[in-house]
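In this document, chain identifiers A, B, C, D and E correspond to the written order of the chains, with residue numbering beginning at 1 in each.
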Amino acid sequence: GCSSKKNDAQTEGAVNENENAPEVRDKINIAVDSDVGNMNVFGSGNTYAYISNQIYEGLFALGYDKEVVPRLAESWEEIDSTHYIFKIRKGVKFHDGNDLTANDVLFSYKLMQEDANYNQYVINVDFEKTKVVDDYTFELYFKEQNAYTFTNLSNVNIVSEASWTASPDKMVTTPIGTGPYKLKDYLSGSYITLESFSEYWGGEPSIKEATFTVIAEPSQKTTALETGEVQLVMNVQISDIGYLMTNSDYNVTLDTGVQSLSFFLNMNENSVFSNKQVRQAFGYALDNDAINIVAYDGYGKAGTAPFSAAMKDYSEKMVGEIYTTTDVGKAKKMVDESGVDGGVVKIATNGTSAQIAAAEIIQNVLSELGFTAEINNYDSATIWNVGSDPTQWDVLLMVTASPSGYGVDSMKAFLGGLNWSGWKGESFDRFMQLCKETIGANSVDASNEKAVDVVKVIEEEMPIYSLVQLANSYAFDPSLNFRVWNASSLYLKDLKFE
Amino acid sequence: MTVNRRKRHKSQLKEILGRLSRNRLAMAGLIIILLIGILSLLAPIVAPYNFAEQNLKATYAAPSKAHLLGTDKLGRDIFSRLIYGARQSLKIGILSVGLASTLGTIFGSIAGYYGGKMDNILMRILDIYQSIPGMLLSIALAASLGPGINNAILAIGISTIPAYARIIRASIMTVREKEFIEAAIAINASDYHIITKHVLPNSISPLIVEITMNIGNSILAAATLSFIGLGAQPPSPEWGAMLVEGRNYMRDYGYLVIYPGICIMTSVLSFNMLGDGLRDALDPRLKN
Amino acid sequence: MFEFIAKRFLWLIPVILGVTFFVFTIMYFTPGDPVRLMLGANATEQQIQQERDELGLNDSFSVRFVDYLKKVFIDFNLGNSYQTKQSVTDQILLRFPFTVKIALISVLLATLIGVPLGVLAATHQYSWKDNISMFGSLFCVSMPSFWFALILVMLFSQKLGWLPSSGIKSWTGYILPCVSIALGGAAGIARQTRSSMLEVIRQDYITTARAKGQKEMKVIFNHALKNALIPIIMTIGNMVGALLGGALIAETIFSIPGMGVFMMNGISQRDYPVVQGGVLFISVFFCLFMLLVDVVFAYVDPRIRSQYKSSKTKRRKGIRKYDS
Amino acid sequence: MSINNTLLEINNLVVEYVADRKVIKAVNNVSFTLNKGETLGLVGETGAGKTTIAKAIMRILPDPPAKIKSGEILFEGKDIMKMSEHKIRDIRGNSISMIFQDPMTALNPIMTIGKQIAETIGLHEKLSRAEAEIKAIKMLEKVGIPGERFSEYPHQFSGGMKQRVVIAMALACEPDLLLADEPTTALDVTIQAQVLEMMDKLKKELNTSVLMITHDLGVVAGTCDKVAIVYSGEIVEYGTTAQVFDYPGHPYTKGLFNSLPRLTSNEKRLKPIKGMMPDPTHLPVGCKFRDRCPHAIDECREERDRNVNIGNEHFVKCDIMTKEV
Amino acid sequence: MATMLRVENLKKYFNTPNGELHAVDDISFEIEEGKTLGIVGESGCGKSTLGRTILHLLDSTGGQIFFEGEDVTYLKRQKLKKLREQMQIIFQDPYSSLNPRMSVREIIMEPLLLKGEMKEDEMEIETEKLMETVGLESRLADAYPHELDGGRRQRIGIARALALSPKFILCDEPVSALDVSIQAQILNLMLDLQEQRKLTYIFVTHDLSVVKYISDEILVMYMGQMVEKAPADELFANPLHPYTMALLSAIPIPDVHAKNQRIILKGEIVSPINPKPGCRFAARCNYASEECHKQQYSRELSKDHFVSCHKAEFINK
């Protein structure tokens, strides 16, 4: 393990500096809620995203507004929609002193295939044809046209082949990238300290050292901000947002992310929701605003479509009637017409308080519709097993997201891949066909256009329903120029204390 | 050889109860427990609202006439939830301890009465059992059984069996040496008769003390399980779960943590006071 | 004594095997799939199965158990965490020192508070001193520990700003977590001290010591307390033993990278190598620690010491039977 | 009997225990004197109050529950009950020492016996630790235990040896008064003989006065100069051993002698005292023995002083029987 | 008169962590119906173990036991049950020998209940009779043992032993824990019962004056072995074994004029773990010679007077 014990000077320093502000502050403490775990290019989780964004770089990245920002590629040329030529930046150094060449890029792309989680990002890359032209030219071929491929590639980080092979633990605890920061110190479960990389090609950042402190207990993060132990809190506990917002000592940023609280409906025979009319009635009866207020203190956004409005392919045209109407009377009538007369409905949640609160409201709504609902809470490891067994639930709450940032992509995964709802038949085939067309469209615009059709099918059949679009919340010292980087992340290089 | 040391004994049970009744702390504990018990039984009558009754228009209401102790985020009446919650908390305390003490007694009696190999084997199993930290064990069990109040009861119960087994074993081993056991053998009593009529009734008092004290501990353990998401789940008004849920709102709505906290503390305190009092009362060496 | 220690070391083998089997079985029957947690919603069923195969999760119980035993006892390798990919052994060696530190400091604190309080209560039985210290103790053990910890934070970090609210980057970080653990422990120790002191104080040899003209303080501390020590040490030992498994609540609230949170995460993510390796490690340590406690007993009490001596000691039945 | 020959004088001692709100009248108006170099036997059945009297003399009665209600205990003319805590600690173990009923429990199990003896010496004599230990070894050898067992623990000793250690400890500072509370009850007969003989030897050597507490009349006959018979917290008969044994005056004393199976006689039936000792929480008014007394008459219910001197300092607490005599 | 109980070469060894403990080693005797055999010896010499082995409360290691002429050393369940109804036991400690959670009535009735031959009311009547026999007031039937004094408690123990109308009772120091005045009451009661019911007693004690008073014959034990056995009067008048002599001389006599010469023994009795062959008393004996350490020598020196000592004749010259 890579660890060291104490470096008190730094925390205490931070506390003091908070009071005598004028000096230039080049250190920051950031509260995160979990340990980073694996720090090599295959990591996962929020904390990993915050850290890998500083340590690693890909050929390009998606910026604050999801715009494409060149990084290790100086420029590129689209020969056709399945063939690109990248010019690699010269003079880029890895943290261990190795120089970046196109070989490393190819190595890293191939490396992606090794990981069960990451291989999806390069699944469309045609490695037979893809090749290194010279030290600074990289030629990339795709197997087929895919609207999301380019976005997917932004997840491929580049490591040096030499460093990777030399690393005793495959960089799990000793990450080496080209990013503006390199790992200084790591105590598993407690903190990760990054320091600025003096040979960074883009110049040295203003913040020289950043410590990510793991604070698992949510209210303790807020406390740490109050006591000055940290200057930035990632994911503020919802119940503290109001408190922090009313306090001028802190800034709070809310950012609607790609996640939403959704639920699956069980469309199999055994469930009352096998009846389409009942499903729709349920949709009409639900008041997403109320759920947002109760479960998220109103800091999310009421769901308006099967996926979050922050998704790249979202458009106003997707807003469905079942989302905008709250009409219990109509819903009751629909249930009556459907011929389904009451029954027991099992609601499954993952036991977090937000989901339970939502489940409790759903329970109320269902009882108004004449159903008896019971809530079953499972832990996050079992909810997956429960989900794949449709005898155990009728409504299954789940937070959905999309790694690529495209809603249709996520719908395809949840409904086409997992398909816990058990959606079958003609409408399902149509849905799959539409997905294929959307993803394979020859332009992003065309793709986004098609996405609306996908959404309409889903809204019609309602195998899945999005209740609330979740917001990510960040609280920080007002002197920090914090902005949310793409996909709820952080880009330290741009931050400074003013 | 003899020591002529003969003590005068008075009516034992009466004496114990007498001693207990003069222990103010213990009596206070007993009275509070009874009050909580009665209140929880009468919950549907006493509580002004149903514990699940939502009122989304009156969320986080501060204590008032309509809601004596305020409402929570779903607008549910906290006072009513606390009263109903007593049922859950007492249920956890009593059932988990009941489970553990019953199984512990069976194990302990067999080990203690038969001794020898049987004892050795059972005790080694308990060694293994106990070398896994109790809280860890109950977390693992709760995780494997799934969250929920009944599983929390099972998990807490199972993980505390060894303590009871050891107590009952130790106390049976002392009783086993007593001559009245030999007398029973001499009049042809069967093992079963001896264990149930002679051994157990005489080794039960340390168990009773342990039970009263552990009911409190189980309520606390359940709260801890809730803290890590494995105890009773929030729709059920179990105090621990309410406390855990409320801690998120500590800054704005302090009463959400204060009331359930007080409930837990008072009931655990009462069980402990009663248990301590019982222990003093049952131990003639401690009398003044 | 040596023979006794050697015997206890031999006992470790069945205990370790037993614990391994026990934990393995629990985890085997625990529903939940670590692979899903690793790969997330977007992974296809095929990917999942492939990963399960790689981890050997599709094998039968016995194959998996034997494989695990082989790995642990022949290769001396606890494996890598599914979730973080880090070596379980490394992680344990990293975290365990924190756990031990927290455990020892808290128990020391608890002992320093609990023992004098218990002695005070016992020597003034039924006086106000007794009542106050015992009520205080009961009060402390009755408090939900996370509640108390949060109150400490509100007071000492938020209001007064004296101590950090979390983390252990400097020694000040140990204060709040250790106090929050020690309080309940101190109460337990005080209660145990009281009752075992009460028992000892009534013994004839205490009267003998007084009859020698010895000062009351010395009678209490040199004669009574030393004799009352065994059950007190037992309580303290049990407390340390329990804390060796990690102080989950304190670790969570104060962000301490100890065994408790580590194991907890392992359990909730079905990270089998972490749970199995962790429990194995903890239980071996626990057994060794309990052995240490027994050695301390022998040090404190010559009667116990002589039981361990292999030489033929005289055993007399004497009047034991009648003087209880 | 000259005044300055009196070592211990107890006048009208009353001790009660308050337990569970009940008052146990353990010692009721006890008076006696003990002269220098003399051995007084205090004889009585269980619960008669013998130990309580001895502890009262040492001022080590546990309070609560014990309460000395009245009376005075004069040791060398000074009232023990009025002494300062410091003063009484000086006397304890030094001028007055005590041997407890049960040698099995009277020794601290986790302290070497040598240390336990040296502790007494160290407390009362200005000696260095090493000197105190040398003296402790001497004491051990005096009671017949080899000095090399100095650093052994009580559990390594047999009952008889433990009792010797206790005696060594009690005699370490050459006390003027030794309170021996049933020193041999817990021992086997042959060991009892050993211990009694040794005590006798040491007592003569050091000219110590002894209060020998026992319920065994045989032991009294062999060791005591005077004897006091205790019944229900009262001394019912007091005199020289010869007086009491040859001419027992109190019906209880007589009953006691009749209850004993004797080696010398060949009676086919014993003549036991009927009934039992009264409950110390509800002592009868008047003569406490009257319910069991074959000679009891109505007058025995009266509350009055019935102490009678039936000749040469032989006191009997019964004026009915003695009248007849 | 018929022989009630005969014991031949009875042995009982215990396995202890320190070795084999010879608690009872090669003891033989017989008792006639209606007679009392006293067993004396110091603490730990094996008196209780001998008694318990005879009663089958402990399994014997060797030797034979005959009850009314029948070999009862090894018995099957049913036979053992029958045998136990014939043989009962009264314990030393009236506190630990009675279950504190049972009332006097329940304790006395329990043997009848377990035998299961009587109806409820018959048992009640029988219990009352038994209480009367042992001199317990019938108002005490519902009292609990701890409410009673030692004497009364011992009476309960006696009543329980009598409930099955046994022929033989083992009395294991039944009066040692009692005050002299109460002791006399109980001894008288036991003698009365023996007369009325023709009971055979083994009376275990360490109090020589008591044993002389109650026994017809006395067996002296030392470290698991029988050192001397003789009719009561004979033993006291004419002790042959040096240990018996020491024991007798050590008894404190409640008589100021008795000037007996005490024989003070050196050392103490220790527990007989892995004993060496030879006389176990030799280590403390003033007369011991080499042969004493080699082997024991038992014989009948005069009529019915057994002694186990090489030097018996020499000493008593």
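Observations on the model:
In this section, a contact is a pair of C-beta atoms (placed from the backbone, for glycine too) under 8 Å apart; a residue touches a chain by one contact, two chains touch by 3 or more.
The chain list, named the UniProt way, goes like this: B, C = ABC transporter permease; D = ABC transporter ATP-binding protein; E = ATP-binding cassette domain-containing protein.
Everything numeric here is computed off the predicted structure, so don't read it as measured data.
Fewest steps needed to get from subunit B to subunit C, stepping only to touching chains, is 1.
Set side by side, C-D and A-C show the greater C-beta contact count at A-C.
Using the mean of the Cα atoms as each chain's centre, the chain most removed from subunit D is A. A straight line joining the Cα centres of subunit B and subunit D is 50 Å long. The centroid of the Cα atoms in subunit A and the matching centroid in subunit B are 45 Å apart.
For this pair, subunit D with subunit E, the centres built from the Cα atoms lie 32 Å apart.
For subunit D, residues touching at least two other chains, in rising order: 46, 64, 101-102, 158-159, 186, 188, 215. With touch defined as above, residues shared between interfaces to two or more other chains in subunit B number as follows: 1-6, 8, 143, 146, 229, 247, 250, 288.
Chain contacts: subunit C has residues 31-32, 126, 150, 154, 202, 252, 268, 313-314, 316, 318-319, 321-323 touching two or more partner chains.
Residues 45-46, 158-161, 188-194, 196-197, 215-222, 241-242, 245-246, 255-264, 269-274, 276-277 of subunit D are the ones that touch subunit E when the two sit in their complex.
In the complex of the two chains, the subunit B residues touching subunit C come out as 1-3, 5, 25, 124-125, 127-129, 131-136, 139-141, 143-144, 146, 177, 216, 220, 223-224, 227-229, 240, 243-244, 247, 250, 257, 261, 264-266, 268-269, 272-273, 276, 279, 283, 285-286, 288. Across the complex, subunit B meets subunit E through its residues 1-2, 4, 6-12, 178-180, 182-189, 193, 197-198, 201-202. Listed in rising order, the residues of subunit B touching subunit A in the complex are 52, 54, 56, 59, 73-74, 143, 146-148, 229-230, 233-235, 245, 247-252. Chain contact summary for the complex, subunit E toward subunit B: residues 42-43, 52, 55, 57, 81, 84-85, 87-89, 91-93, 95-102, 110-111, 114-115, 144-147, 149-150, 157, 160, 163-164, 173, 176-179, 206.
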